[in-house]
Amino acid sequence: MVMDDLRIGLIGGGFIGRVHSIAFRMLQGAFAERAQGVSLKVLAEKDAQTAERAAARLGIHEWMGNWRELAERMDLELVIVALPNYLHKDVVLELIGRGKNVLCEKPLAMNAKDARQLFDAAQKARIKHGVNFNYRKTPAVLLVKSWIENGDLGSPLFFRSSFSQDWALDKGRPLDWHFQQRYAGSGALGDIGTHVIDMARFLVGEITSVVGSLSTHTKERAVTGFDDAARVPRDLEHGGTRLGTVDVDDTSSVLLRFRNGAQGSMLASRVAQGRKNHLEFELYGTEGSVLFDWERPNEVYLSSTRGTTAQSGFSRILVGGLGHPYGASLCPVAGMGTGFEEPFAIQLLEMIEAIRNDGDMSPSFYDGWRANQVVDAVLASAAAGKWCQVEQ
Amino acid sequence: MVMDDLRIGLIGGGFIGRVHSIAFRMLQGAFAERAQGVSLKVLAEKDAQTAERAAARLGIHEWMGNWRELAERMDLELVIVALPNYLHKDVVLELIGRGKNVLCEKPLAMNAKDARQLFDAAQKARIKHGVNFNYRKTPAVLLVKSWIENGDLGSPLFFRSSFSQDWALDKGRPLDWHFQQRYAGSGALGDIGTHVIDMARFLVGEITSVVGSLSTHTKERAVTGFDDAARVPRDLEHGGTRLGTVDVDDTSSVLLRFRNGAQGSMLASRVAQGRKNHLEFELYGTEGSVLFDWERPNEVYLSSTRGTTAQSGFSRILVGGLGHPYGASLCPVAGMGTGFEEPFAIQLLEMIEAIRNDGDMSPSFYDGWRANQVVDAVLASAAAGKWCQVEQ
Amino acid sequence: MVMDDLRIGLIGGGFIGRVHSIAFRMLQGAFAERAQGVSLKVLAEKDAQTAERAAARLGIHEWMGNWRELAERMDLELVIVALPNYLHKDVVLELIGRGKNVLCEKPLAMNAKDARQLFDAAQKARIKHGVNFNYRKTPAVLLVKSWIENGDLGSPLFFRSSFSQDWALDKGRPLDWHFQQRYAGSGALGDIGTHVIDMARFLVGEITSVVGSLSTHTKERAVTGFDDAARVPRDLEHGGTRLGTVDVDDTSSVLLRFRNGAQGSMLASRVAQGRKNHLEFELYGTEGSVLFDWERPNEVYLSSTRGTTAQSGFSRILVGGLGHPYGASLCPVAGMGTGFEEPFAIQLLEMIEAIRNDGDMSPSFYDGWRANQVVDAVLASAAAGKWCQVEQ
Amino acid sequence: MVMDDLRIGLIGGGFIGRVHSIAFRMLQGAFAERAQGVSLKVLAEKDAQTAERAAARLGIHEWMGNWRELAERMDLELVIVALPNYLHKDVVLELIGRGKNVLCEKPLAMNAKDARQLFDAAQKARIKHGVNFNYRKTPAVLLVKSWIENGDLGSPLFFRSSFSQDWALDKGRPLDWHFQQRYAGSGALGDIGTHVIDMARFLVGEITSVVGSLSTHTKERAVTGFDDAARVPRDLEHGGTRLGTVDVDDTSSVLLRFRNGAQGSMLASRVAQGRKNHLEFELYGTEGSVLFDWERPNEVYLSSTRGTTAQSGFSRILVGGLGHPYGASLCPVAGMGTGFEEPFAIQLLEMIEAIRNDGDMSPSFYDGWRANQVVDAVLASAAAGKWCQVEQ
């Protein structure tokens, strides 16, 4: 048996930190051989009390109430950063400075300039770096990617995608960091729109110009406290009385142009009544097309120009089984089911193997930077009322 | 028994003319009392041979090889114009000049200027005028409209819609009028995108500005002849050898802004592999949202903020039955089925009743003109690479 | 132009009679050439007042308050019998006696013995006879049939189908003829289950034995009057006070064995909350399988053993277009839409052509008799608690 | 930190044993607090080589080439039995004899008599016992169960369910234990039909009588070796030449009657082209109904008689979130996704908590025995061609 030789630290034990910890367990089960010797060693949170509570909830034995302390640990090879957007920069730079490999939550940074700084620092330090665009690691999406690489869809013509949720329709939600430009960078666009942007880049190619339209339904929300020392908002409560301004979008629509000539159209909204986590896309190429909806992650639809006319249509393909990406490990029988954690586990596995084999991680900070560039271009476009180039 | 007192003439016996004739029959069946005394009297086509053949195929007893001759008939109260776009203007102006009520195919005209001319002429002549935006007459869509009017959706936040087909992926199709700006005005945008534009106006409200992106996949096609005397293309054949330029879009993406502050996003494509006649939309409001897909015309999905959290979701509502628009006449049992002709029959019924009761027809040439304005603004926007106001 | 040479009479102007009249109009539109010279001449109802009212509603010019009078008309070539089950026998025998061709509503008779009598009489009189199992004339179902005949599904292994509705959950509905054995023969089994039985016979083959289970949820309902002279129930009203016994099933489940060795399973219910007219089936063969749901009549799903493993699944095939049954006439563009009337129009067209060309109509009284045999066997099976042979 | 105080042994490291090991990891992630101190200690397989290989693949540190050795371990509190059906009896009796708590794969035994023996022995020994009917632990199914308990569906009227797969259509698959009565008890009926039977019992109630029909499509398959000493089949290979008889069903259809008067209908097949792991059910009650399809595990459909007529239909409810069973732990955002392992993890959690709190596990060997009784009754019914009582 191999020794514990790849120790992971986790910064942030909230909602998304917890998903990473579950994904780590799944890794140990579904990829036991490939993940041998990997351990999730320690959790950092903003203070001791929060850290202790979160560590118990996540089943991590060691904890610390300060992320700097974790960064100083000599035994960690990989650190997962699961913090709000505005904290990424300082934390990641510190980790890079100490030679840690980093898997960072999306969006990588508050803007493209910061993202570039992180990417440059990571390259210079020759660490392995990844950004958690988890949806592109969905087995169904990996299957689509394999079709694209195989030429089954021909050249891309257009891509249309939406990511919609409805939680921000609740006017009682306070003005937490999601609703403020200085903590979130942007609203639905940066939070969930970046998943669509990454999906577009992954499946279609680089985006060269955009035009966007942003709107905000609820323009004021109750102010909550913010702990400047810890650089985190205080625990949020409903029912605050002082109102503050929401200065980010809750719905954004964007047209995209890709370097290869394809068109695109995307929508991100957190005020779409009835939608919970509805990420769906259509991709049409000269030889075939695909449809996918994350709410039905076990299936993907494929239509090909090669079929006979009278029987042509979309084939509903159940994902899983030996012929499909990660099928043997994660889903040996087609249609058996992909949960939310699977893509995180795949992401983590690929990160680990990039470290162990000195390979390239994808998506990397490069991809994080490119996504931030697109976000910046959309914001500029919305402000200027015209198409904007994505800087390169 | 009432006498034959409302006689209809049909100009154009091709694909869409035939649908009108079937819809007329359905009217006689499903709305026998309200359509009493209405007859489909005569068909005009470009020449005698075509007219005779089409009249037999459509089951119309009288025919003539010239639309002017039909326009001169004194016994007709209503004329349906089912011709290619570039022929609408002359024909409709002539009909108006002779005091005929007119139901014209969409788009009303080649551009907003012409459309305005038709609208003005119609108003001045005090005829009844309608444009066949048939999809807004779908019982499911009328049901959605009733919810909106009832306040079930609250204020609109955003509207997203696609209309996609795949027939233009066939590179063997010749350069018929659909592919030429001078005969069609625009491509997918004007042909099927106008249905989306009309749906947006019907359900959400007036569109004030747009930004669009157009592309053309197959840029050259075999030239076919064009009979200038008859102002119609010659019979089209595959296999021509000389190539001509396709100067209209086959895919167009557009962002919309509505007067009431709502956002919109639309897509029209005729190169979407696997799609045949796929018109679908999502409409999200502050209190509720709806989903509709024409390929499944018997159902519509509704989500409301009023439901309990644990059981909230989209309700699949089967259309039909006594409580629904035209349910008693067209579909007395929910889910029993809406075919392609039903909306045409409803359109025709409403046109007839506007004539008989001196009421207003909707959609009218006004709506046709507004749709043409939006198309013009999209074309201008695509040329200029920026948002354009919709002129008013 | 051909003379009016095939005149149709309609007995019964209620819900289903009205559908036949709409289908006749659709026939004149969609199949104008093939239906040339056909007219819907006259309607009979139980009394003059009802007949006059119904004739106006259906747009039929002549009417009579007595079906015998209609039977005596010398000018009719075809009579459509759209009456409640218990009236079929006398009416159809009279029509046959007068040499009329007959299209009768389903179920053909109250039991197999009566159905056989009608079939024998029809054969002896050499009239053309049809039973309105309309669902088998759905274009999607005809497409499935073509695949079967083409060998695409191989040999049938099993067939599963349900027809479910929810109207009988309403305890306020009175004890009309549907709920009484002496007027209906059976309940959900005979009313909608016969459609499933006919579909099974059409797609799979003859049924040789059955075992069934019947149940009745609401066992008593308010009694309504019955007009014995006219042999029809009085107009039904909610709110009667005297209770009578419901002696027919509202849910029936049946296992089937086919002559070719296939298995089957069917369900018919009128107490299935949320279901309106939900007829769906799955058919699995050695080489392929199909799925169909009447609520989505424009699509059918096909899976074939011939596909590659990694891309195998069900193809969603949009019905319509030139390569599909009746596509050119009824639905020239795939997915454009099948309404409730289309199958009735196809049925009527085939009946007319059987008469004109001295051909065979299918489904005929033979099929009506076979369906009644299966119903009788299910009733016997449910009473005896064991499998029963279907008599032949 | 709590000590390792609940050690689990796993017998069988094949396909389903591996799923248990992944589920154990997920448990450690998603239920870290409740599963504290639980460890998956040791794996037993049929011989040392197999055990070593499987232990590496599953990430279990200790292994042994003999299940008896594992049974003798004094440190194990819970043993999971993931072996073929014919091995359950001996292994489970031995484990019970040594006071181990047991979670056994389904079906519990080869027949009801054996199952009863296991249930009696477990009760006498006062161990905790569970059977892995994993599908009833699906969050969506637990949500349905909560509605039933809350009275949302009223009294059950009928239940219809299918479980279909297509792997046995491959005639090249050898005659492994699944195809032989002496090793499997029955075919599709016992293998996947027991999941349907358990679902029916869980959601509707006890089954009192059944009538069934069985068939076998491929009646002969290539013989493979069988290692009598180890009581397991040799590694199976395609391509054997000697043919042996398949003496179990590959398709079984059954009608059910429940003690509470409800009807049921079920189908289990492993020769359903295009189906991979398709478990779906409909349950109709006097006040509401539900639909579920395991291929879309994140959603369940609910219809209630309480809705208004014009807006009634099935609500698509995305599973997850705080108000739903295990939502906070497994799926905090609705629609985020249930994978195949989640129900196994819930099953294991409940087993552990039954042990720790001296509570009752459900489903227990009692449920395993009842399911075996229903299977036996179906086999007897199919042999006798009549309804059979389920013994009690």
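As written, the chain order gives the labels A, B, C and D, with residue 1 at the start of each chain.
In this text, a residue touches a chain if its C-beta (ideal position, glycine included) is under 8 Å from a C-beta of that chain, and two chains touch if they have at least 3 such contacts.
Model, not experiment: these values are computed from the prediction.
State the pair with the higher C-beta contact count; candidates are C-D and B-D.
C-D
Find the chain most remote from subunit C, comparing centres computed as mean CA coordinates.
Between subunit C and every other chain, the largest centroid distance is to A.
Averaging only over C-alpha atoms, locate the centres of subunit C and subunit D and give their separation in whole Å.
Distance between chain centres: 41 Å.
From the mean C-alpha coordinate of subunit B to that of subunit C, what's the distance rounded to whole Å?
The mean C-alpha positions of subunit B and subunit C differ by 35 Å.
Roughly how far is subunit B from subunit D, going centre to centre by Cα mean, in whole Å?
54
Could you tell me which residues belong to subunit C and also touch two or more other chains?
299, 312-314, 318, 321
Where on subunit A is subunit D touching in the complex?
That would be residues 1, 15, 21-30, 32-33, 35-36, 56-61, 276-278, 294-299, 318, 320-321, 331-342 of subunit A.
Give every residue of subunit A touching subunit C within the complex, in rising order.
On the subunit A side, the touching residues are 299, 301-302, 307, 309-318, 321, 323-324.
Under the stated contact criterion, what part of subunit B meets subunit A in this complex?
Contact set of subunit B toward subunit A: 157-158, 160, 162, 164, 169, 211-213, 215, 217, 251, 253-255, 257, 261, 263-265, 267, 269, 271-275, 282, 284-289, 303-305, 312-314, 385-387.
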